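To keep things simple, chains are lettered A, B, C, D and E as they appear, and every chain counts its residues starting from 1.
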């Protein structure tokens, strides 16, 4: 059997006395879009923060492509091919759209030691990407993030992940602030990502959005995974909602492990 | 004819060279829930920021109950009975849930000159309210906002508006980060508000949520109102989506003015 | 005529108040303009100010030396510009000033040490405490040099401590030090006016009786003249601050009129209880 | 909710870190020199501590609201000079001069607040500018001469402010009671009152506070006035106690006071403040200065030690904080 | 995008406010005393300006990254003392002593950075502690005695650093070229390079920057080292030029330098910085000090003027900013 791309085992995470994750097993296969659902405070964001190196885990193990890893910082996770778009779309409000897009991976022009950013290239790519994520308004890529609307900001964060194609792209509630056109942009981005061989973790409260793109649904409740193999094609939205709220204990097919 | 609760006329607002609102006419009647829809950057948040006194308008006039008003700050708007829940749910992360709930209107215990907050009362009310908005987990009201999940924070902001019943409650994308149960909490709160004689402006990208509660839908596009009298009972979701994205110019019934 | 009076002292330092008063007195007596500035021991800033005076084509400049050797070049520039430049308060013989007015800190220091030795107040193996407002400031360093030349051969030890320029903090730190080292201290030399002027308050707080520990040091403040009169301080150094400023400006004025001053004016006197009243009167403006 | 033992709850308090530091500090100094805890030394240390402490208490509230005030040191020097100048000139009686000095200080605080809230200039720059203006004015009006203060002896105002008496072997100044009163009142204000909630909100998220109708600007202006007035009061108390009114006293206090507040656990960026912590911070820093001299550190090495200990304590503080937040 | 005239674009720049201030300032001083623009005075002002300026340039980057450094003034005093002590003791040659002094400064900067990034202690406290340690060390090793410096004359290192020559009537010091080089390099670094983007991100939203894999801590540590080293270089240049190496020199420079940076338009809270603005800020403050002496403001009123002008300029600045942002 092929090693899964990501395998998290018995993950526990406590903040002081709050136990946010209480022994979670979770895996993502190659070329798969996993939908992660759960009520507020279920632990979804915490799980992906652990996976992206943003917070240290209390106990448990993470394997990437079968190898045990130990993320001390987000750079470790990025180096391992894991790209994350945070719920609070972590952008620098003072910097321009283009500079935010490329933050941490700015293209260099000219001799390396001059360390010179290729701003023209950055602006060009930024303009293209904004169109792709469905921002129809003509916003110059040099506009600072601070003067964008809520949804526009989210779109910038999405655009960033689209450009740097990592093995695994994690989207924590990416469609929350997005309008109709922008949401379609994101969903089609996720589909494209899979078609070109990437995997995704997709978190959203709008179950309709989740159903439109994912291959498999995992549901968390109060720090635990309560269902991890729901097939969106054979299950109804209402049934999944019941699992989320704890009204039913549907466990989908066989556990994947 | 009865004066509308709120009447905004020819509102213009520019940020430097960006025109966010370009001559908007908008009104809210007594005892009415208005859904405000529009793509990202359409100007929805700006419109309600103008109405709540958070940003000054460039030109135009606002009337509350037929009287022209001039809001210089949010306190002016609050005094006029307009309560707002911002998209970026403006909470103080360092303060506890209870203290955030009552910020600016803390109950006083004992002699007035001692200026002493009634913390027990605050905690008691906070605990009740959290339940009402659907937070099932037992979160102590003394928890600082900083350690809540994204949705939990939103719920606190909602709870605040529920408690201080103003004439007009503005909700800017209140359900964005909310789970299934919490979303239902908010929607039923909005219905209750109307039933008890209040008005609401409800902004959301999830059109399904909007359709569930509002009496009338207003659509904005690029700083202009393009439809302001859509009846959710007689119009389909798809038709409204087309108006939002600019594919059709459906104008609903007759203009209200 | 316009004269520039440039000091390396701090406006906060009480003795400079009297220097400044002398300059003002001179300005009002003669009707000339005197532009004054303080530089808190900041050499670069003082050099800039003197050069600004040269640029402004002053009729004369009087200035102190913030550090020996630091004004050599500037004095030359003034000479070239034919602007009289008089040195006061702290000498710098290496620089080509037209004249010097003031005392000599090294000599003052030597005199204090010698006073303690001659009066039999300290002997071999004794320890002397020398508080100073700002360690490293020129006056204290030069005084220490003089003191060292007397004490070292005699095997008398000493320690310099920082007191700051802040009255409350001065008292505080001196009280702390005295409380701890009372047994060890055989004499005190106040290297600055503020510290010497605080002796009474410090003694009172720690409970040391006047005369119990011999004290010498600077005496250009009313606090100190009173302390000498009341027996807290054995002997204090008078520097003629007003007179120093006054005479320095007079020399500059004279030089500006084409009469070169070919001499230095040396000021200063060590006074004890018997003559302290004279200085007390000068300082209180009687 | 889980139940925890008293000890656990104490350890979880943000003031626990500074408290440990203080205990360690006292223990170390005491073991090196037992005189450290002698009545004379304790009395001496307390006298000046409470004067600086008054400023630090007011600064705690101001910093909680997200601003800070560099002009306190200059007011510490200026206000007594103003008071004594008025009094010595025979213009007014001592109590009236006292009131005038406090009012002038409050006005200066108001100007600080006005610049910060109306013109939106960072408080760092405003109060730095004000520091220079106030200090300069003090020097200019007095021509640099210290003011005579000894006529205060026996005046009832002087007795109320700094009268001293002995409790057993301890010499206690009346200012200690003023300090304790300020701790209680400001502690109550910050934690129990509505105004306290506003102060924290103003520092934590001024936008949010404004959106809730909190008069953020008014709160800040009020705190600037409080801080100026307290600095003036402290300066006057100090001047009567030391019988000196020197225009340049208070130089550098601003940084020391801010350090006290921060060591106590108040956030430099606003939003979180603790009066108890500040009291601990005040004690930590003042006792350190006293103890260093007492254990016989060489005079010129004084600053090295102060600096090194600040760094060391901060390291310990951060270690304690992290241990207690890690919660793993 | 709309087209705007060149003038409109200039007015919209954040550096426009400080620029206007500078022009007004020069005009006022010049009208009072025409000698203000004499070649001699310009040369004179420039000499010291560039020394402080070097520190301000490095501080601009550091403040953009959200930290600040109060220890620069003490390094300004300490480094030359260290260099001359080594040299005068005959231990090493002058160029070697120079290199050692810079390396020691860099190490001190590293320690600052380490405390700030690793122990998460506010830079305010860390660098305040470091200030005391460094200043104290300078005093302690020299026993307070200034170091001899006059042996520098003619040494090639001295010539490279501060050699002077005349361009027409202007006396130019080599340090001016070092300053210009620093302006160009640091300006380029901040605006054009990837590192510059990281510096701004580190100050604007360190969490976001970290999440993008930016080595925020490394950037900050590097900037602390830069700021210490530049302060050391400035101190050494100044000491050779003024032939003085006093352990106390540089006292209070930290606040002046920060004021320069902030007046130039760099945010006190990080995230936004401008080197051109800082150059303007440097000129504004230094010219002010020079002009005040030149037009004969009394020595005791000096601070009143400096303070009042800072406040006035800030008010003007904020007014210009708002006019230009209102955009209505």
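The rule we apply is simple: contacts are C-beta pairs under 8 Å (C-beta built on N, C-alpha and C of every residue); 3 or more make two chains touch, one makes a residue touch a chain.
The shown structure was predicted, so the numbers you read here are calculated from the model rather than taken from an experiment.
Under the contact definition stated at the top, the chains bordering both chain C and chain E are D.
Counting only chains that touch, the fewest steps needed to get from chain A to chain E is 1. Chain centres here are means of the Cα atoms, and by that rule the chain farthest away from chain A is C.
One simple way to say how far apart two chains are is to compare their mean CA positions; for chain A and chain C this gives 72 Å.
Computed centre separation for the pair chain B/chain D is 43 angstrom, with centres defined by C-alpha atoms.
Chain geometry summary: the mean Cα position of chain C and that of chain D are 33 Å apart.
Contact of a single residue of chain D with at least two other chains is seen at positions 139, 143-144, 298, 300, 302-303. Shared interface positions of chain C, i.e. residues touching 2 or more other chains, are given as 11, 20, 135, 160, 162.
The residues of chain A that reach two or more other chains are 15, listed in rising order. The part of chain C that touches chain E in the complex is made up of residues 2, 4-5, 7, 11, 20, 33, 35-38, 40-45, 47-49, 51-57, 66-70, 72-73, 134-138, 140-141, 144, 160, 162. Chain E meets chain A in the complex at residues 1, 189, 192-198, 200-201, 203-205, 207-215, 271-272.
Per the touch definition, chain E reaches chain D in the complex via residues 70, 115, 119-122, 124-126, 128-137, 139-140, 143-144, 255, 258-259, 262-263, 268, 298, 300-308, 310-311, 314-315, 317-319, 322. The part of chain E that touches chain C in the complex is made up of residues 33, 35, 38, 40-41, 44-45, 47-48, 51, 138-139, 142-146, 148-150, 238, 241-244, 246-249, 251-252, 289-290, 293-294, 296-300, 302-303.
On chain A, the positions that touch chain B within their shared complex are 15, 18, 38-42, 45, 87-88, 135-137, 139, 147-152, 154-155, 173, 175-183, 205-208, 222, 241, 244-245.
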